[in-house]
Amino acid sequence: MPNTEMIDRANAAREKVNTEIVPALLEAFADKAESIAPTGDLIPQVFVKPTALLDVALWLKDRGFNMLVDVAGADYYPKRDPRFEVIYHFRQFPALGMIRVRVRCTEKDQPHTLSHIWPMADAPEREVYDQFGVKFTGHPNLKRILNPDDWEGHPLRRDYPLRGPRALINLDMPAELNRFAAFVDDEHANTEKKPDGK
Amino acid sequence: MAQTFDTHEQDTMQLSIGPHHPATHGVLRVILELNGEIIVKAAPETGFLHTGIEKTAENLTWNQATAVVDRMDYLNSIGNNVGYCLAVEKLLGITDRIPERANVARVILMELQRITSHLVFLGTGALDLGAMTPIFWTFDLREHILDIFEEVTGQRMNPSYMRVGGLAHDLPEHFKEIVNNFLKIAPGKMQDLKNLILGHPIFKDRTIGVGKISEEKALALGLTGHNLRITGNDYDVRKYYPYCGYENYDFKVPTRQNGDLNDRISIRFDEIDESLKIIKQGIDNLPDGRHIIEDRKLVLPPKEEVKQSMEALIHHFKLVQQGFEVPAGEVYQAVESPRGELGFYLISDGGNKPMRMRVRGPAFYATYALGTLLPGHYVGDMVGIIAGIDPIFGEVDR
Amino acid sequence: MHPYLPLLIYLLVALVVPVAMSILGTSFGPSKPEKYKFLPYESGHPTSPLMGRFPVKFYMVAMLFVIFDVEAASFYPWAVNLRELGVFGLYEMITFMIVLAIGYAYVWKKGGFSWR
Amino acid sequence: MSDVFGEDGGFVTTTVDGFLRWAKSNSVWPLTFGLACCAIEMMNLTSPRYDLAQWGSEAFRASPRQADLMIVSGRLCNKMVPVARQVYEQMAEPKWVVAMGACASTGGIFDNYAVVQGVDNVIPVDIYIPGCPPTPDAVIHAIQMLRERIQGNDPKGGLKVNA
């Protein structure tokens, strides 16, 4: 007796988004949006230019996409020229239709923030800026959210080494360059004589 | 470096409830702007537990990344693993070839993990509101579940028990027996706990009408899970986007109407009862059969076979050395974690490592909802509200 | 046996014990006076010191506490020798409480207790 | 005066020293410095099954002024380094540090830009506990080792005569 009512509702909503919303969006934003074939999860996707993002978001909000699920960043460094991409997932609740708006951008052309429409967008946009360096125009306080405020570089970029600053130093680096040397005064350093007997 | 509020219209005092504070349930910093005892403005600041999990996952093969994903929301390790593995299986397109035994085992273990997370929430939440006894009862009951995890997966917490395609190894034979033992004692203890916490007059005074939120504000703040269901909205990923066969189980999604702290805590008891129901149904019809998908390209061949046949050895060698390739594409898979909708957005460029793993943490949006939840309350209420939204900073800071 | 001898012994002990503890503590305990030890503990993250004045509400609550705490303290001597004072003592204390109750009701009505 | 309080332990100092060591080792109060998954296992220490109260350490103090033992439970990240350093500095002497779990001891499985590869880069550590997360029994074993060390001849414990 599996109740597949929700699965049918989600499938029907997806069909509706594919047949009505996406074509209407492409024709409404003719030069600024292009469609993409959905992959694994069959969620309809649309490429949108950074300048048109705000209008597309408002346009979608009028068509029932009242839930902004997530704002994510991605970096296609070696393979694609506009290397960065900001991905917005919208959802129609309770109709359950979903759409993925992907905004290809470089460091210079900056998408507009959505935090004045959805207050939730404030924090993930700060994270995209912190991890990728993509700025958002009109953002209330665009500051680092995950890394310390004086951190150089944007860690989630493909060309950023996994070990970060440590990767660039060799092990026997002079203390003054070691980021944490300032915190370990000589007397406390862990080369302190171990209590005898242990 | 702290975010100071420069506009001091009245003489408000700035107070930093810092990263190392008993009331912040981990490493959260909330900068409060106080007018006497009333909070005027609150700015949460996180990042004190940023472990670079997404960057580390980009350097691990598809199956290795389960060990890292598991330590993100450390109270819902099995849920994280299942969410991640479902996303990879969607990319591979093998979701319907997963054996039934693996799906049912995943559901049972996820619901057990949900109960442990709710028990920690109830224990520490009541402790923050001043009740000392519940934390002993909840952690004692939680030990029973951790014993089950130790029997099944070998480790109490962060077991990394899921693989792409099913379970890492098969369930022990006496799995049904140990889970049934737990199911026998759980309802009685939960009823005692409910009487102890919800019936308490001080608890009622400190939670009724505190931290109220309306449905459309909760949707605008991106709240999901119990933070959204206390406003009457019954969005639950297990019901709306069923995965792992959740549509075969009949369970209700508990909701509340007036969206205050009392609802946030009382809804947990109903959620635990629902989870117990699901576990009961899962255990009753736990099918036999393979615990993982039958596909040599994805799954290590059994040990004895590797010693005999040459091509099993080649499969073994390739899988251990390189792992398997996943066709290029993007996928978003949502899973219902104890805190809300936990989403995995995976991008694969056809290689044997994920190109990008973005995790949509429900607690991340709940933590930054504090900015609108806290103002207007006393400082004493802030302790309850922070406990009420159930933040886990492994998932907030990834 | 001087009647006030127990009181003297009590005061003596109350003086000797803390002094002894602090002297022994400072002379025999390890002491490393470091910079951070003298900073106020602000749960790990220093914040800007208080710019404005303390709101007047704190002062109000402090004054009310002093009044009603002293009132409560004055019950002890009365309660200790309740037998000797007898009924007269009871009426005495009731009038004392009524006078203070009037003050309490006044403060309550004027909203001294509500924080907002 | 010096022979009675002599370094080699005249009569008085050994008995007072022995008494202080006995008192200190039976009331090591830990600090709630919970970071990540190990913090949940650290909370288990006070639960009925792994009762830490048997050795007098069940009072988890939140303020560093009242704590003797700082159990760094979880992965120490870059933004938390100044906080950990300040909290350690503000603990009153004698103080000990236990690095709980692989992440606190050596950075564990997170060998990346965000996690400090071992807490001993920032604060001196006395005892390292392996495990991810270590079971509460392992933490109790570590606390037993620390108590033996205090009762033995740990320079930080015992009597320190500063005239």
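In order of appearance the chains are A, B, C and D, and numbering begins at 1 in each one.
Going forward, a contact is a pair of C-beta atoms (placed from the backbone, for glycine too) under 8 Å apart; a residue touches a chain by one contact, two chains touch by 3 or more.
Given the structure is predicted, the values throughout are model-derived calculations rather than measurements.
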Distance-maximising chain from chain D - centres being C-alpha averages: A
Of A-D and A-B, pair with higher C-beta contact tally: A-B
Chain A-chain B separation of Cα centroids, rounded to whole Å: 21
Separation of mean Cα positions, chain D and chain A [Å, integer]: 40
Distance from the mean Cα position of chain C to that of chain A, given in whole angstrom: 55
Interchain centroid distance [CA atoms averaged], chain B/chain C, Å: 47
Sites on chain D at which at least two other chains make contact: 78-79, 83, 85, 87, 111-114
Overlap residues in chain C, where contacts from two or more other chains coincide: 44-46
Residue list for chain A, restricted to those that touch at least two other chains: 146-148, 155, 160, 162
Pairwise touch network: line, ring, star, complete, or other: other
Touching chain combinations (by label order): A-B, A-D, B-C, B-D, C-D
Sites on chain A touched by chain B in the complex: 1-4, 6-7, 10, 39-41, 43, 45, 66-70, 72-76, 79, 87, 89, 93-94, 96, 98, 100, 118-120, 122-124, 131, 141, 143-150, 155-156, 160, 162
Residues on chain D engaged by chain C in the complex (per definition of touch): 16, 20, 63-65, 83-87, 89-90, 92-94, 156, 159-163
Touching residues (chain side chain C, partner chain D) in the complex: 27-32, 34-37, 39, 41, 44-46
Chain B-facing residues of chain D, complex: 32-37, 39-41, 43-44, 46-49, 62, 74-75, 77-80, 83, 87, 109-115, 132-133, 135
Contacting residues of chain D [partner chain A, same complex]: 78-79, 81-82, 85, 111-114, 116-117, 120-125, 149, 152-155
